[in-house]
C-alpha cells in the first residue's frame, strides 16, 4: 500500500503558552510523505502539547497546521480520517477483551479489518494467547502492545505518537521501529515524541523543543 | 545516614500463577544491605506482580518473604515502615499542588521532613518553579519526577521500584541512578523492575523472570 | 484575530473604569429616592397594610433575577460564536448579581408570605420557578468555579448559560402548569394590590435603580477579571 | 513473537458518515454487556429507592398512592443521574474519549449513539420495571399504563440533558455531584409533565396534554442535545 | 536542574501510631479544600432533590408536611451516597490508595480518619442546612430541632456504612450504582429511626427512643466500621 498521493503536513507559526511559560513560539516546519519528525526535549518542554495541537485536540494561541495547503480544521472529519493519535494512556477499556478493544478502536477509526488480520496483528505483537483476556489484566507493556497492533493494522497516512515505547521491553521497541519503518516506506508520515534514539532506515528529522 | 544495621531480605520459594500461566515458581534469593536486585524480563513476565508480592500488596500462592529471619507479615506496620513502593502510577492527587502532594506522601510514610528539605528535593528533580502547580498540569515525566523527589527524601531502607524511569528524559534517568547509588551506598536495599541497563557504582544483581 | 481576542479587554478596561462610577451614582440616587417613595410617599394598602411595601423591592429584584440570566445567555452566544473574551467575562461578572437578586426575591417573598398567609413558603408557581432559577445560577457559578483553566471555564459557562436560558421559559411554563393542576393551593402571591399611579412610579424608579446597580457591579467585576487575567493576556497575546 | 507483520489494509475510499452513531452505540452496548449485570443494577437501584419511601413516610396506603407516581419519577431520575458517569467520564478516564473525538465520524452522531446506548441500558429497563413499583404503591391499570408511557417518553430526555451535564463536568473533581447540580433543575419540566400525567389519571383527568408536552420535549431534545453535548465535549477536552 | 541532592533524613525512631488518623484526616480535608466548593455542592444537591418532590407530588401543604421528614432523610441519604466515591475510589484510581495501605500507620486508623473527613464535608453540612428544607415543607420549632438532631446522630453512621460499601466495590465497573445496592439496604435502620423520630414529634409523641437507637448505631458503627472497611480495602487491592 502507498500513500505517495499524500500532501505534506506543514506547521505554520504555532504558538502556545501554559501558565506563565511559553512552551513553543512561532514553530515552522514541513513534513513530507515518507518521512518522520521526532519531537525531542527534556520533560515538560511541550512535546505532548504540540502533538495534541497537531491532532486538533488543543487549540493553539496562534498559528495553524496545514495538510497540503488546506488549513487543518481541528477535528474536521475528512482530515481526522488521515491521522492516528496514540497518547500517553493506552486508551483501552479495562473490561473489554483485548481483541474487542482492538476491533472497537478500528471501528472508530472507520478501518475495516477482518478477524484474521486482527488475530495476526495481535500475534505479531505477542498478545496471541492473550486475545481473549480482559484488558485490565494486561501488564503495562502489554497494554502498549495493543497500541502497536493498532498501528500494524492502521491505513492512516499520518501517525502522531506520544512516547510509544514507554514500558516496552527491548523486543517491543524493535517491533515498533519496524512498524514505523514500514509505514514510512509506504509513504506515510509520523510525528513521534520520544526520548529514545530512532535509528531506522527511513528519513527522520528531529526538532528539539526549548528546555522546560 | 546508614542502614548497615539492617537485616537482609530473603525470598523463599515464592510461587504465583495468573490464569492458566505460572508467572514464577519457587523463587529463591537473598538481598543484602547495600545491594540492589534488578528484575528483568519481557513484558508480562511478572515483574510488577513480584514487586507487589514483596511489598505485601498481593498474596503469593506459596512461599514467603522474610526480612532477616522474621517472616514478612504482609502489611504489618513495623515492616511497612522499612519499605517504599513506587508503582506504575505516579500516585499523585491531581488537584493538589506538587509540594502538597509530596508532603502528603511523606506524612503517610511517617517521615518528618522540613519545608526546606522538601523544596530542595523538588528543585533537585527540576520541579523548583513548579512547586505550586497543580499536579494535573504536570507533564508525564514531571509526574514521575515527583516520585524521584520522594526517593530523595525517603529514609526507608528498602525501595521497591516498578519501572521508575518510564517517561523520564536522559537527565532524569541519570538523576535516578545517582539516587539509587546514594541509597545503596548508605546501606539501603532496592528491588527495581526495569528494561534499562542499571550501570551504577554499587553491587547490582539481576534475575530474569521466565518469558511471558 | 489577535486584536479581536486580546486587545478588546485592554481597550474595555479604561472604558469600564470611566463608566461604572456613573452607574453606581445613578443606582445610589434612584435607590434612595425609590426607597423613600416606597416607604413614605406610597399610600398604605387598604387590605395588606404596610407589609405590601415589600413589593417595591420584591418585584424589581424578581424581574432582574430572570432578566440577568437571559443577558448572560446572550453574552454566552457572543463568547462562543466570536469567542470574544470580554463577553465571557461579562457573563461571569453578571452571575453573582443575578443570583443575588433572585435570592432577594425569594427572601422578600418569604418575608412577605409570613404576614400575608402565615407561612414563609408555599409551592406557588412563581415562587417555585424563581427557586429553580436560583439553582440555575448556582449551577453556573459552581461549574465556572470548578474549572480553573479560564478558556475552558469561559466556553463551558457560555454553553451552560445558553442551555439554561433555553430551558427557562419551559421551566417557567411547566411550573405554572403544574401549579394549575393542583388547585388546592389557596393563596397565590399574584394578588397584586391594584397599582395606584404613585405605586407604579415608585416601582419604576426601583426597577431603574436595580438596573443601574447591576450594570455598575458588572463593570466593576469585569475590571477585576481583566486585572486578574491581565498577566495571562499579555503573555499569550503579544511578544 | 516476531512473526511477519500483517500488511496494512487500504483505506476504504468513501466514509459512510451515518455509521458513526451505530459504531458508538455498538461499542457502548458491548461495554455494558461486559460490565456484568449493569441493567440489573439500575433496576435494583430504582426498586430500592422506591422501597425506602414507605419506610420513611409510614405505611398509610392512601398517602402512598398519592405520592406513588412522584416517588417513582424521582427515583428514576436519580437512577439515570447515577449512571451518567458511564456516558463519558469512564471513557475520559481511560483515554478512549480522545480516540472517539478523533474518529472520522461526526462527533454529534457519535454522541447520539452513546446517548441512545445509555437510554437502552437505563431508561428503558426503568420504564419496564416501573409498573412493579406502581403496584407496590397500590396503583392500577390505566394509572400504571400512563406511568409507563410517561417514563417511555421522558427517560430519553433525561439521558439527553444528562449527556450535556456529563460532558460539561468532565474530569472536574466531584464531577458526579456537580453534574447533579447542573442537570436536576433542567429535569424539572420532564418531571412535572411525567408525574403530572400520572397524577391526572389518578384524578380521573385526561393526561394527553402532559404526554404530548413530554413528546415535544423529546423531539426538541433529540434535535438539540447531541450537538450541545458534542460542543461541550470539545470544550472539556481542549 | 542537577543541583546537589539533599541528604535524606534519619528515620524518626518511634512511630506515634495514633497520628495515622490525623494524617489521613488532614490529607482528605486538604483535598476537599482543593476541590473548590465541595461542601456547597453537597448542600445544593440536598436542597435540589428536596425541592423536586413537591414538583412530583404536588404542592398541597398538608401532604408535604406529612412527607417532609421522610423526603429530607432520603435526600440526605442520597447526597451521602453520591459523595462516597470521594472516600476511596478517587484514591484508588490515581494509585494513592496503595500508598495509604503501605503506610506504617494501622489501616483502620487511617480509614477512621478518612471517614471522619467524609462526614465533616458531607453529613455535617447537610445537618446544618436541613432546617431550611424543613421550613420549605412547613415544619416548625421542635420538629426542625429533632430533624437536625436525628441527622447529627445518623449521618456519621451513613458515612461509616458507606465506607464499607465503597471499599468492597473498589475498582469494579459501575461501582457507584453497585455500591448503592450494597449500602442502601444497610441504611434502612438509620432511615427508620431518624425519620421515625421526626415523625413522632409531628405526632406529638416522644422521640427519645428512636434517637437513642440512632445513638447506639453510631457507637457500634464507630467501633466496627473502620476495621470492616480496612479489611474490605485489603481484599479489594489484593
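Just so it is clear, A, B, C, D and E label the chains in written order, and each chain counts residues from 1 on its own.
Basically, a residue touches a chain if its C-beta (ideal position, glycine included) is under 8 Å from a C-beta of that chain, and two chains touch if they have at least 3 such contacts.
Keep in mind the model is a prediction, meaning the values are calculated, not measured.
The chain pair with more C-beta contacts between its two chains, of C-D and B-E, is B-E. Greatest Cα centroid separation from subunit D: this falls to B. Taking each chain's centre as the average of its CA atoms, subunit B and subunit D sit 44 Å apart.
Centres computed as Cα averages put subunit A at a distance of 49 Å from subunit C. The geometric centre of subunit B is 56 Å away from that of subunit C, both derived from CA atoms. Subunit C and subunit E, compared by their mean Cα positions, are separated by 35 Å.
Across the assembly, subunit B contributes 88, 94-95, 126, 171 as residues in contact with two or more other chains. Residue positions of subunit E touching 2 or more other chains, listed in rising order: 1, 34-36, 41, 44, 48, 55, 58, 173.
The set of subunit C residues touching two or more other chains comprises 132, 135, 138-139, 142, 146, 175, 178, 181. Across the complex, subunit A is touched by residues 18-19, 41-44, 48, 88, 126, 130, 133, 137-142, 144-145, 163, 166-172, 195, 212 of subunit B.
Residues 1-12, 15, 17, 19, 23-24, 26-27, 30-31, 34-35, 94-96, 98-107, 234, 237-238 of subunit E touch subunit B in their complex. Taken in their complex, subunit D has these residues touching subunit E: 34-36, 38, 41-42, 44-45, 48-49, 52-53, 55-58, 63, 66-67, 69-71, 73-74, 77-79, 82-83, 85-86, 90, 93, 173-174, 176-178, 180-181, 184-185, 187-188, 191-192, 195, 199. Listing the residues of subunit B that touch subunit E in their complex gives 1, 55-59, 75, 77-78, 80-81, 83, 85, 87-96, 100, 104-105, 107-113, 117, 120-121, 123-124, 126, 152-156, 171, 174-175, 178-179, 182-183, 186.
Residues 119-124, 128, 131-132, 135, 138-139, 142, 145-146, 175, 178-179, 181-182, 184-185 of subunit C are the ones that touch subunit E when the two sit in their complex.
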